[in-house]
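The data blocks that follow each hold one structure.
One chain, chain A, links the two complexes that follow: it is found with chain B in the first and with chain C in the second.
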Partner chain A sequence: MAASTATIGRRPGPRWASAARRVAGGFAVPLGSVVFAFLVGGLIVAVTGGNPFAAYQGLLCGGLGIACSTTTGENPALQISTTIVFFTPLLMTGIAVALPFRAGLFNIGAEGQLLAGSVACTIIGIKFSNLPAPILLPMVLLGGTLAGAVWAGVPGVLKATIGAHEVVTTIMLNYIAQWLVRFLIVGGPLQAANGFSASSPIGAGAYLPLFLPNDNSLIIFGLPAGVYRVHTGLLIGLAALVIFAILLWRTSLGYEIRAVGQSPRAARYGGINVARTIIVTMLIAGAFSGLAGAIQIAGVDHNLTDKYFNDTTGFDAIAVALLGLGSAVGILFASILFGALHAGGSVMQADAGISSSLVQILQALILFSIAANFLRVLRLPVFGQRPSAPAPTAPAAALMTEAAKAPPVET
Partner chain B sequence: MGHSRLKFLGMVGLALMLLAACGSSPAPASKTFKIGLVTDIGGLNDKSFNHLADVGLEKAKTDFKIQGDVVESKSGDDYVPNLTNFASKKYDLVIGVGFLMQTAVGTVSGQFPNVNFAIIDGAGTDKDFNDLKHPNVESLFFKEQDAGAMVGALAGLLEKGGKSKKPGHVISAVGGISIPPVNHYIAGYKWAATMEDPGIKVLVGYSNDFTDPAKCKNVAANQIASKSDILFQVAGGCGLGVLQAAGQAGVYSIGVDADQKDADPSVIASALKKVDVATYTAIQNVVNGKFQGGALTFSIANDGAGYAIDNLTVPADIQTALDDLKAKIKAGTLTPPADIPA
Partner chain C sequence: MNFLSDIGHVLLTADLWRATLEAAALLLLPALGGVISERSGVVNIAMEGMMLTGAFFAVVADLAWHNPWLAALVGIVAGGLMALIHAVVSIRFRADQIVSGIAINIFAAGLTLFLVQRIFGLQDVGHVGQSELLPYINIPVLDQIPFLGRVLFQQNVVVYAALILLVVVQVMLFRTRLGLRIRSVGEHPQAADTAGINVFAIRYGAVITSGLLSGLAGAFLAIGISNTFVPNMTDGRGYIALAAMIFGKWTPIGAFVACLIFGLGQAIYDANSIIHVSQYLLSMLPYILTLVVLAGVVGRSIPPAADGIPYAPENE
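On to the complex of A and B.
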């Protein structure tokens, strides 16, 4: 930050300085909106008679395992592991929203695609439950990935062929997926024979390995090892981010996606098959989301339960993609933030007595300030960016094209 | 990966410090019991289960020397972490509200055999919902059919006496999801209504949801169209839509679990599952050193189930009949069925 402000007014500085300036400029808006959200959130807590410092201490402790009060006895390692479990699916669903953004498409259907992936993973995991892990685990993950791709491919094809708006079709497919899950486990073919709304567990071979053994006699950090639920889906999620970044910036398909996002007409004039690009983009996006759904089943739940009726991972992903400005690094940080907020909310309520609904307020405030785009000013004078930013149209659309822009090239 | 492992390692020191701090604190003369309550996704303001569990906890706070902490679950993902959080802090009793938490309680109670758990409406189970019978889990069950029978009898008597809104002898129930606790209510309701008014027709529908009022409103509208004029909601937060639909159509409705008198003017009565009594009893057991694993059943007989008359003036003869039925159930001469009669 200091380096970047110091270079204002000078002739173009060394390479690293411009890079630093670019990074600082890129972080300004998301960081600003998070700070804004926490300030307003603190105000809300204070006005309603709570102690904002105690609230945020609880959030920090519950989310990141730091600054824990010594009197409440939180276990930081447990909190960090919970946060990781929560943010793992956001990595992939975040990509599922961010990638179509780059192509100028709003994928509101990450949730439906995730559910499709969960359903496919569950069905395969139950039907072939006797297969050994080296065969079954890739099968369930691949099955979930394909199901998600199909679920997103439908809106992609509709958009590319008859121009049906992807926002409408993806939202509708969310409902179809949610009701499909209900149908399947409430009196449907997947319901286990016990009267509860849940499927049978998938075969043990389909379980994603945990980092720590699920062994309650093994004590780690003062607690039985089974309480740390971090699973290898985390590695898959991080790999997905790398693949996403390479795809977007180092492949011709990524170039085509960005070109279509900036101007479909210009892209078509440039010889890009826009319809094909739209379909492929949606297929890939859905694949990531479906993979997230499969990982939730294979890594955390091990069966399809009624919790998926109210799952919001795919909707949180929209916020994650927006806050992360559609970049791989941004999605990583935004996912960690949202995972930490999710995990921290409970600790905040238990220790500070502040309703964990504050977390939803914070998330909404972050989204609001990003969508309203009023923190745009942060980028212009302070960080020495050219003041000729594109005229704001619809705010989110402006953000989209802004994020879709290639890094500015110094002349 | 490397990053997270570094974080983990960094936290070891902190964890050790915390442990050291815990170890050095002197034992107080009379112990303050720590009670943790975890709501299900309905949240504290569900005017039902979670609310009642909190009422029970608050009452226990005034009667005993306890520290009671509440955490609301925002999604099904939260059950295990929320229960684990209290257990890891060595609470004396961790209460899970609702059968949705069965597998979570089963998992966490296995990891913390020295922490006592209680669960409303369920047991600590494995993924197949088999009771693991952990000795540190107390299951707080209800005979919902007792409460269902009381409001069913009221509905039957109103229909028989022509005191309902329409002369059709048709009443109905809207269930959330077809699971045992829901069906127990409906079983008692249908059984008692048929007993009081043999010509009655009892419609039963399910919304497949416990949270979205719009979905229950749809089911209710269909039943009203089929001439039902007393609707019993057995669907938690979703069921508020039933009460509204009845109010808008000018027919009667019956609330569930908690007294839902204020939810809508159409509510004539509520079938009560006294979760507050159950929660209080579980806490009392821990404080008195009488906690034991296994099932505790709450029914009309031990005042853990019942009914409330709401926005209706009940004719004396009907009230007499209700009191008579309640006494018979209490004495065991009449037993409402657990399964919905054909």
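On to the complex of A and C.
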């Protein structure tokens, strides 16, 4: 199998040593990228007259509930709960980017697919608002999933049949989805009667249950239970990661996806229907993203609002997938990081007076660093001996597999 | 159907076509930059971020020095510096050019917002005075021609510049030695290298040029069409320029035709008070048209052969 070559190390030595080296190598690139981003980000804060330590203290407190200043009064438990709410959709949009990566496809359209899922969930949730939860909840989640799949299926079909580049088509579909949302809730068919740029709420049966009862007499960690918004979408997200890992490594479809990603030509010679694999991969990816969009409506917002004009969950997913090196565990950690950054951004802005847009700067720096592999150029042994160009057929996917396996296999 | 008669009525006004050309010029500048960059083999989806950076720094410079020409220059240089990051990351470090482009766009959005807050605090950025904007210039005599005078010769100075640059880039790419070199580097860098062409120099030059052009477009947007900076004010125009580049099959003239079509959509959008169709649906038009083109309905749109592939010389 193509994938097993990654585990056949050429270097002699005890098994545990090569395993340890592999693990260290796997973590070195993403960790190094994050450190690089925080160093440069701190520099930008310092140069513009801010205090980077105060900024990062705000981020830590807001994101992970640690190192909170005693004067500002953040509740650590509430901050962690906010971070969880932020990272839940990233688990699924992260998969929506990572899975096509494995097939050598660059899905920039997770945002559009997520919006399609949110729109479908909202429409179904409003249309059938009287149905009871056991029927309506699966309906809205499934509807969102299907809408996302369709939204990603278009680029998949265009790529498989006439070779239209998926990067461009998914970008176009992102904007179509964004304008569709604006059309629907600003003067369009979904706008609520009150005149705000928002839809009516979905039926109560479509709400994803919260973990804690919405009961303000119950005090947990010093606050009423109702303020913690962590919802059961988290469980769906974690299950999605497990499904993603099994799909990729334990099914013949996963093998085909990886084979197409390594070399479409070789896969074709091996009897794999490349066009079909591309379409199926995009459908599945879009399904995960659409599910994330449905979960945001069903679990967090309960209606489609103008907040979705500026949603970046699908774009953050690109950083999540790259930083997570396309693996389920990696996506989990990367999602937590970006969820914490987003949750921490507002605390940083309030407490340290540093604009929460620093989070975007950090995200961009992480992307630069992981894509350019700056660390490798320093020629530290742990990062591999020589810089090498990614394979031309699938640059991003090659980059990811290359970074994930150490030592690299000679061909 | 009164929608069609409304469209017909609007299409007859010179103002609509004047606005169309203005909107097209704004898209044409980054589209030309994209054509040059991708013809040299470097995928560039970062025009959005480079425009936004140009817009921000042009406004900051104009507010500081009260000189639109100097401000436009600052905007151009700022766009160029953003492009330099893309060039270094994707040429020197051979990063995935799409990831680098996305990173540029996120970086530009974050940095401009961050700097707005650091420089201007929670207040507005502030407005540039009327006399400190990039001027609209009526060309003497020609501007008196009925209809055409209004459309072609009562435009912003940047519109004239964009039209001149269109001719310059078209001629440069297809009629000069430099253009041949750029195209050969984008089609077959190994062969170009063997023939003695400095692949890296050509690519750096092409990418930075795309940043300069996008920066000018940003300045035009901020201190020509508008008079201030608002966060994320480019609002996807860099991506529409990308679409125009593909729509135009990686040629300047083709991109210009696409920009005119998209510009007409924008102009109709702006004249929406007399047209009874949702402006949001109209905004989808450029993206849907591009999808249609990519779907092969109007013939295949094929990028340069080495577009997106980092160049690694054999002897390294």
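The rule is short, and it goes like this: the second predicted complex is superposed on the first by the 363 of 411 C-alpha atoms of A that agree within 3 Å, B and C clash if a C-alpha of one lies under 4 Å from a C-alpha of the other, contacts with A are read in each partner's own complex, and residues count from 1 in each chain.
Note that a residue touches a chain if its C-beta (ideal position, glycine included) is under 8 Å from a C-beta of that chain, and two chains touch if they have at least 3 such contacts.
Please read these numbers as outputs of a predicted model, since none were measured by experiment.
Undergrad: Once chain A from each complex is brought into register, does chain C clash with chain B or fit beside it?
TA: clash
Undergrad: Could you tell me if A:R182 is touching chain B, chain C, both of them or neither one (first, second, both, neither)?
TA: The answer is both, since A:R182 touches chain B and chain C.
Undergrad: Give one of first, second, both or neither to describe whether A:A372 is in contact with chain B, with chain C, with both, or with none.
TA: second
Undergrad: Output check: A:L78 vs chain B and chain C. Expected answer is one of first, second, both, neither. What do you get?
TA: first
Undergrad: Of the partners chain B and chain C, which touch A:T70 in the superposed model: first, second, both, neither?
TA: Once the two structures are laid over each other on A, A:T70 reaches chain B alone.
Undergrad: Applying the document's definition of touch, where does A:T305 land relative to chain B and chain C: first, second, both, or neither?
TA: In the superposition, A:T305 touches chain B alone.
Undergrad: After superposition on the shared chain, which partner residues are touched by A:F333: those of chain B (first), chain C (second), both, or neither?
TA: The answer is neither, since A:F333 touches no partner chain.
Undergrad: Looking at A:A198 after the superposition, I want to know if it touches chain B, chain C, both of them or none. Which is it: first, second, both, neither?
TA: first
Undergrad: On the A-aligned overlay, A:F128 touches which partner chain: chain B = first, chain C = second, or both, or neither?
TA: A:F128: touches no partner chain.
Undergrad: Mind working out whether A:F36 is in touch with chain B, chain C, both or neither, as first, second, both or neither?
TA: neither
Undergrad: Going by the clash criterion at the top, which of the stretches 44-52, 62-70, 278-286 or 314-322 from chain B hits chain C after superposition?
TA: It is 44-52; the other listed stretches have no clashes.
Undergrad: Can you pull the chain A residues that chain B and chain C both touch?
TA: Residues 182, 186-187, 355, 357, 359-360 of chain A touch both chain B and chain C.
Undergrad: Applying the document's contact rule, which stretches of chain C touch chain A when the two form their complex?
TA: It is residues 45, 85, 89-90, 93-100, 102-104, 106-107, 109-111, 113-118, 236, 239, 242-243, 246, 278, 280-281, 283-284, 287-288, 290-291, 294-296, 300, 303, 308-310, 312 of chain C that touch chain A.
Undergrad: Which stretch or stretches of chain B touch chain A in the complex?
TA: By the definition above, chain B touches chain A via 1, 4, 7-8, 11-12, 14-15, 17-19, 21-22, 36, 41, 44, 69-78, 80-82, 84-86, 88-90, 99-100, 102-103, 107-108, 110-112, 127-129, 177-180, 206, 208-209, 211.
Undergrad: Sort out for me which residues of chain A touch chain B in the complex.
TA: Chain A residues touching chain B: 62, 65-66, 68, 70, 72-78, 80, 82, 84-86, 182, 186-187, 192, 194-198, 200-201, 216, 221-224, 226-227, 229-230, 234-235, 238, 300, 302-303, 305-312, 342-343, 345-347, 349-351, 353, 355-357, 359-360.
Undergrad: Which residues of chain A touch chain C in the complex?
TA: 44, 48-50, 106, 108, 154, 158, 162, 164-165, 167-169, 171-173, 175-176, 179-180, 182-183, 186-188, 315, 318, 322, 355, 357-361, 363-365, 367-368, 370-374, 377, 387-390, 392, 395-396, 399
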